[in-house]
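In the two complexes below, chain A is the common chain; its partner is chain B in one and chain C in the other.
So, the complex of A and B:
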C-alpha cells in the first residue's frame, strides 16, 4: 500500500487548493513538476509526504514572452527550452545550460528549471544560472501569488523559502531589447556526473561581466562585474571571506578543491563572453 | 490486495487496464504488472537509462515516472514496433558493431539513439555521444555504441519500416 496519495490537479488553482487542504488537515504535501529528483527520493523513503501533488497536468507547460520578461511554466522541460526559438534568441545562457544538463535526452525530456530551483541543490546547473539571469520565481498559494527574486528564494542547500502550502507556478526571466552576451563553464568528472563547480557569466554595461558561481557555496555566489584580467583575484578574495558554514562540499569534491578550481571556471566563463561577438 | 487506482496503458500496441499503487513507478508497472521486460530496472535513480521507453512520443526514464501520471499513455519499448523507424536498423547496427556485451543497457542506448535520429538524421559524433550520455554501459566503453549509431547515420533513413 502506498504511504502517500497522488493527485494530478487540472490547473494551478486546484493545486493550491489541494495544498491548503492537505496542510489544514495536518498532512504533508509534496509538489513535483518533472520529478527526476523527487521520484527516486520518494522511492528510497527520503521524502515522506502524505499527498503527492503532481503538476504534470496543471497546464504549466508553456513558455510565454511578455513585455520585459519571459515566463517559463513550472513543467517546461529542458528540451522545451532547447526547442524554443524565442529562448534561444532572447536568453541564450539558459539555452546553452539546458543543452548540457546531465542525464542525456531522457532527463532533458522530463527535468524542469522550476523543479531544480525547488530542489535547490548547490551543485546543480539551474540555481546559479537563474541567479545570473536575475530570475524571479512565481509562487502561488490560496493566499495569493508572490514574486520572489531567486536569490531570496534559495535559502540554503536543499532549502527554499516556500511554505508548505505554496507551489512554484513559473520562473520569470528578464529580457532586454537585445540578448546579453554570455558564457558558461562547468567542471565535472564524467559525462554522467553532476557538476562539481559551475560559472555563469553575463556581459554588463561596465567592462567585464557578472559571474555567478555554483557548487562552491550552499547558495549561488554572485561576483561583482569584473574584467577578465582580475577575475582570479576577485574569486580568491571572495572565497577567502566566505563564512565556513556556507562552504559547499559533497562526495564529488571537498570545499578546498572547489575553492581551488573556482577561479579557473570563472575565467573560462568570462573568456567565453569575450569570444562571443554581439 | 487493493491498489490505489486503475490506469490504462497501451504498451507496444496492447491496451491494458491495471491496478497500481501511487508509490509505484512506470518501470515497475511495465515489468511486474504487465510483464514487459524490455524495460529494465537498474539504478532506479535516473542515471543508468536502461528503463527507457517512449511515452506518448517522448523518450523517458520510466523509473522517474510516477505510475499515476502514466495513465492513458501509449508506451513503446525496445521490444515493440511502436518505438519508431530507427529502432530496427539500430538493433542490427548494434549487433554488427558488437556495441554491447551483456546487453543490459540496450533499451536506453538504442532508444536514445533513435530519439536523436528522429530529430537529426545526420548527427555528428559529438551529438551522438551527447545523445548516449544518459545511459551507463559497464562492458564496452561506449566506442562501439557510437560506431553503431554512426553506421545508421551513414545509411540514412530506412525507406520502409514502422512509424
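So, the complex of A and C:
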C-alpha cells in the first residue's frame, strides 16, 4: 500500500487541473468515482497512486435529459439510475442492467457506469450495455473536452483511450422519440460472481435486433441486426472469425466455454426483446 | 419449560446491535500492529532478506525474520494428538523458515508498526531473495500402490490402508463391476471474521493472548512450549468468534509470532488476517480410483479404492489428519463385506491444509453416493432402492466399520424413506428454454466427538482414550449462577444451550445463568470447539456440575432452615421447603459465605472392546434430497430444493441444531456447485477474495426443509450426538447426484468431480465437444 494524498475537487475543471498538476509533477493520479473496484485494488497494493482524485464533490451526480441524448454524470450510481423515471422510460436497457448489478444494494449505491467504463473489464455489465446503447464518453482535461464513442473509448481488457491527465466527466446516451425495446441476458456462476458472459439486445428498424456480447472478446462485440432464428449461426460465425488475441478468458471460464454459451445468451436477449412487446 | 423450546440465543441482541466484542474491537493503550511478509515462490531457497527499506517506512517499529525468530522461539510442536497412531510423521517446524520456502504465501518475516497500514507498507517493502527449486503442484503421480521413487516418497506424510474381508477376491468373482474415478477440488472455510491475535506481556513476564480461536487451552500449551514458559504464565482469552469451521484450531505460525513481536517491542501487538490470507489455507481435495463389485440385485460386495490426498505443505496443524478420516470413513453408510482402501497423504507446494468443516468425512460421502447411483443405473434400479439394499440396518447395530468405528445407533432406512418421496412439487423439464430438472439423494453417517484414531487393537498397538470436557458451576453473591466451561463457541451459540442445561438442573431459567467460555484463567480445561463436542460432551459436564451444585445449595439451605435436604426444592432465586420456609439464594450466599463451586468432568465411554482402540464415541446420521435445474445452454445449475432429515440423537436445542444444519447445507451446496480454491500454474493462489472464491449467498439457496429423527446416542449422558458437521458431505453428494440425474437423461457423462461449475457441467453435457 503506497502513501497517497486525497483531493476532492469542487468541479470538473478543478479535477482536470489537479490531474494536470499531478502528471506534470511526475506523480500518478487515480480518479475515483464509486471506488468499488479501485479502493479494494488500492488496499491490495495493486494500484499505487500518489494522488487520489475523488470526484464526489465535483458536481457530477446529475442525470440531465438533453435534446437527443441523456447525460449521466460520472458519479451517478446505479441506484440513481434505477430511481430515475426518465431513464426507466427513455433508456429501459440501462434501467434493466442497473437492477442486476452484482453485489446488491451496497454496490448499487456506490458503483457508477462511468467507473465501470474506465475499469473496462470485458465481462462487466456496463461496457457491452454502453456499446449497445451507442453511448459517447465525455472526456475532460485542461486541454479541453472531447466526446468519444464508447467503442473507441474501450481499447482492450482493462484499457481505455484515457490519457493520464484525463477524466471521464459524463456518459451520453442517445435517446430517440420513442424508447427502443430491449433485452438483457447475463450469465454468472453465483450471486457473488462477476458476470461471465452478457448479451444486450436493442430492437432495430430492420427485423430482429442488434446484440452486443460482453465477456467474450476483450472489448464488447457488436453483432449485426439479426432475426432470432438466425442468431445462433451469426454468433458462431462471428466468434469463429475473432482473432485469438481478442479472445477473453479469466478465472471463471476459458474462451471455449464463452464461445459455446454466447449463442445461447444472445438468443435469450433477443427472446427478451420479443417478449417485451409481443 | 420444555427441553426443546424455541428460544433465541441468550446474546442475540448484542450481535444484532453490533455490541458484541470481537478481536479487532480490542484496542489497548500502546497497541502496535503486525503484518506478514509472505513468500511469492512455491518452492525456493531463501538467499537473503533485506529489511532496510521496510525499517525506513514511517511508523515501522521492527522487522523480524526467521534468523531472529529462531533465537527466541523453539520449534512449533505437532498439534492435535499423536500422528504416529494414524501412520503419520510428527512434524515440527519453525514459525518462520530460514532456509527454504515451501508455498506461495508462506510467512518469511513479520513487520510491526504503529498502524496496520504502516505495517502492511513495511511488509511490502521487505525484499526477499529466492533461488527457485522444483515445485510439486500435482499429486497425480501418487495415485496407485506401486512403490514410489525416493524423490516422491519424501512427499508422503502418511499412508493408510483400511481393509475388511478380501476385496480382490470379491471383485474377481463379482457379477458386475464398475471402475470409477472421482475427484473433489480443494476448498476452504470462509468465516465472516478471519483469524486474529492480540498479545501483551505484563511486567512479571506473563503473557496474555486474546485470540479468535477454537482451542484456548491447546493454544496456551503450544505457546508455552514455543516461548519456553510455564503454562501458568500464559493466559488465553477468546472474545466472540465470528465463525471458525476448523480454520481457528491451533498450529498457525502467526500465533507465536504475534507473541514474539509483542515481547520484542514491549507493546501489545495485534494481527488481523486479511481475507486474502484467510483464503490461503484449505482442505478437502482428493482423488479416488475405485472399483466396486456387486450382484444383480444391486447388493455391493466389494470396494477397492486408491486415494491421494494432497494436503499442501507440511505443517504442525491438524490439517492432514483429515486424509486419515477420509480413508477411515469408507464405506460410509453402507454394509460392504470386502473393503480395501489405500491412501497416500502427500505434501505439495501449496499452502497447508487446515481443518475444514466436514473434517475429511465429506468427500467419501460424495464418492459412495455417486457410486450407489451408478450401481443403480447399471442395473436399472431406483436410487433409493439400491441404497435400501446396502445401508447398514438397525438390526446390525452396533456395527463395526472396516476402520474400527462403532456405529452404535441410527435408523438409516427410516431416514432414507423420509426423504425419498420428499419435495415432489411437479417441477418438470422445459425443453423450450433448455432447463432440465434433476433430483438426487444421499445418506450420511457422521462420526463425531473426536478421538478419530480408530484401529484394531492388539499387542504393540498404542491405546487411545476419550478426551473429557469439564465445567464448573457456582452460585454468585447476587443469587445467580455462573457456568464456566472448557468448551467454546465459534459463533454457533452453544452457550445458550449450556445455560439452559444448567438452568434445568438448578430449577431456574436460562436468564439466571451466565456462561463463561474461552478464558484459560477462569475456565476448567477443555477442547474448545471441535468435532461437535460442545453439547454432546461439554453438555453433560455442565449438567453434572449443576446437579452437584444444586445438591450442595439445598444442603446448605437445609442447615440454615433446619430442614431436611430431601424435602427442599431449588426454585427460581430461592430454596423452599414444604412448610413455607424459604431462603433466597442471595441470602444463602451471604449467610454461608458462599457455596463451593462444583466442577465435574465428563467423557463418553462406549463399552470397551479389547479388539479395538477407542474411537469416535457417537455417530450422527442424515438423509438428503436435492432438486436442481440444469440450464443445458450454459451448464449453470440452480439449486431449487434441499431436504434433510437429521439424526443427531437428542435435540437439545432445535434452533441451534437447525442453525448448524443450515450452515452445513449451505457449505455443502457451495462445495457442490461453486467453491474451489485455485492456484495458477506457478502455484500462486488465484482465489483471493469472495469475487474469486464463490461462497453461496442467500439468493443462491432455496429454503431448506429440515426434519429430525431422534435415535439417542447410547453412550452420552444426554443422548446427544453432535450436530456440527453433518450436512456438508450429504448436501454435496445429493446435489451432485441431482445434477447427474439431469445430465444423464440428456445423454451426458456421469458426474465424477466437484464443484459442478457451469463449464464443468457443460463439458459433461458435451462429452465430445471443446466447451471448457
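Here is the rule we go by: the second predicted complex is superposed on the first by the 275 of 278 C-alpha atoms of A that agree within 3 Å, B and C clash if a C-alpha of one lies under 4 Å from a C-alpha of the other, contacts with A are read in each partner's own complex, and residues count from 1 in each chain.
Keep in mind that, in the parts below, a residue touches a chain if its C-beta (ideal position, glycine included) is under 8 Å from a C-beta of that chain, and two chains touch if they have at least 3 such contacts.
Given the structure is predicted, the values throughout are model-derived calculations rather than measurements.
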* Would you check which partner chain A:192 touches, where first means chain B only, second means chain C only, and both and neither mean what they say? => both
* Is A:40 touching the first partner chain B, the second partner chain C, both, or neither of them? -> both
* Asked: For A:56, is the partner it touches chain B (first), chain C (second), both, or none of the two (neither)?
  -> first
* To do: In the overlay, answer first, second, both or neither for which of chain B and chain C A:261 touches.
  => second
* Check the residue A:106 against both partner chains and state whether it touches chain B (first), chain C (second), both, or neither. => first
* Taking the superposition as given, does A:5 touch the first partner, chain B, the second, chain C, both, or neither? -> first
* Can A:253 be said to touch chain B (first), chain C (second), both, or neither? -> second
* Residues on chain A in contact with chain B in one complex and with chain C in the other? -> 1-3, 40, 191-192
* Structure fact -> Counting only contacts in the complex, chain C reaches chain A at residues 58, 117, 120-121, 124, 276, 434, 633-636, 673-674, 678, 686-692, 694-700, 757-759, 762, 766, 769-772
* Contacting residues of chain B [partner chain A, same complex] -> 2, 4, 21-25, 44-47, 49, 52, 58-61, 63-66, 68-69, 108, 112, 115-116, 129-136
* Asked: Mind pulling up the chain A residues that touch chain C in the complex?
  -> 1-3, 40, 44-45, 187, 189-194, 196, 251-254, 256-257, 260-261, 264-265, 268
* Which residues, counting only chain A, touch chain B once they are in their complex? -> 1-6, 8, 32, 34-36, 39-40, 42-43, 52, 54, 56-57, 102-107, 109-110, 191-192
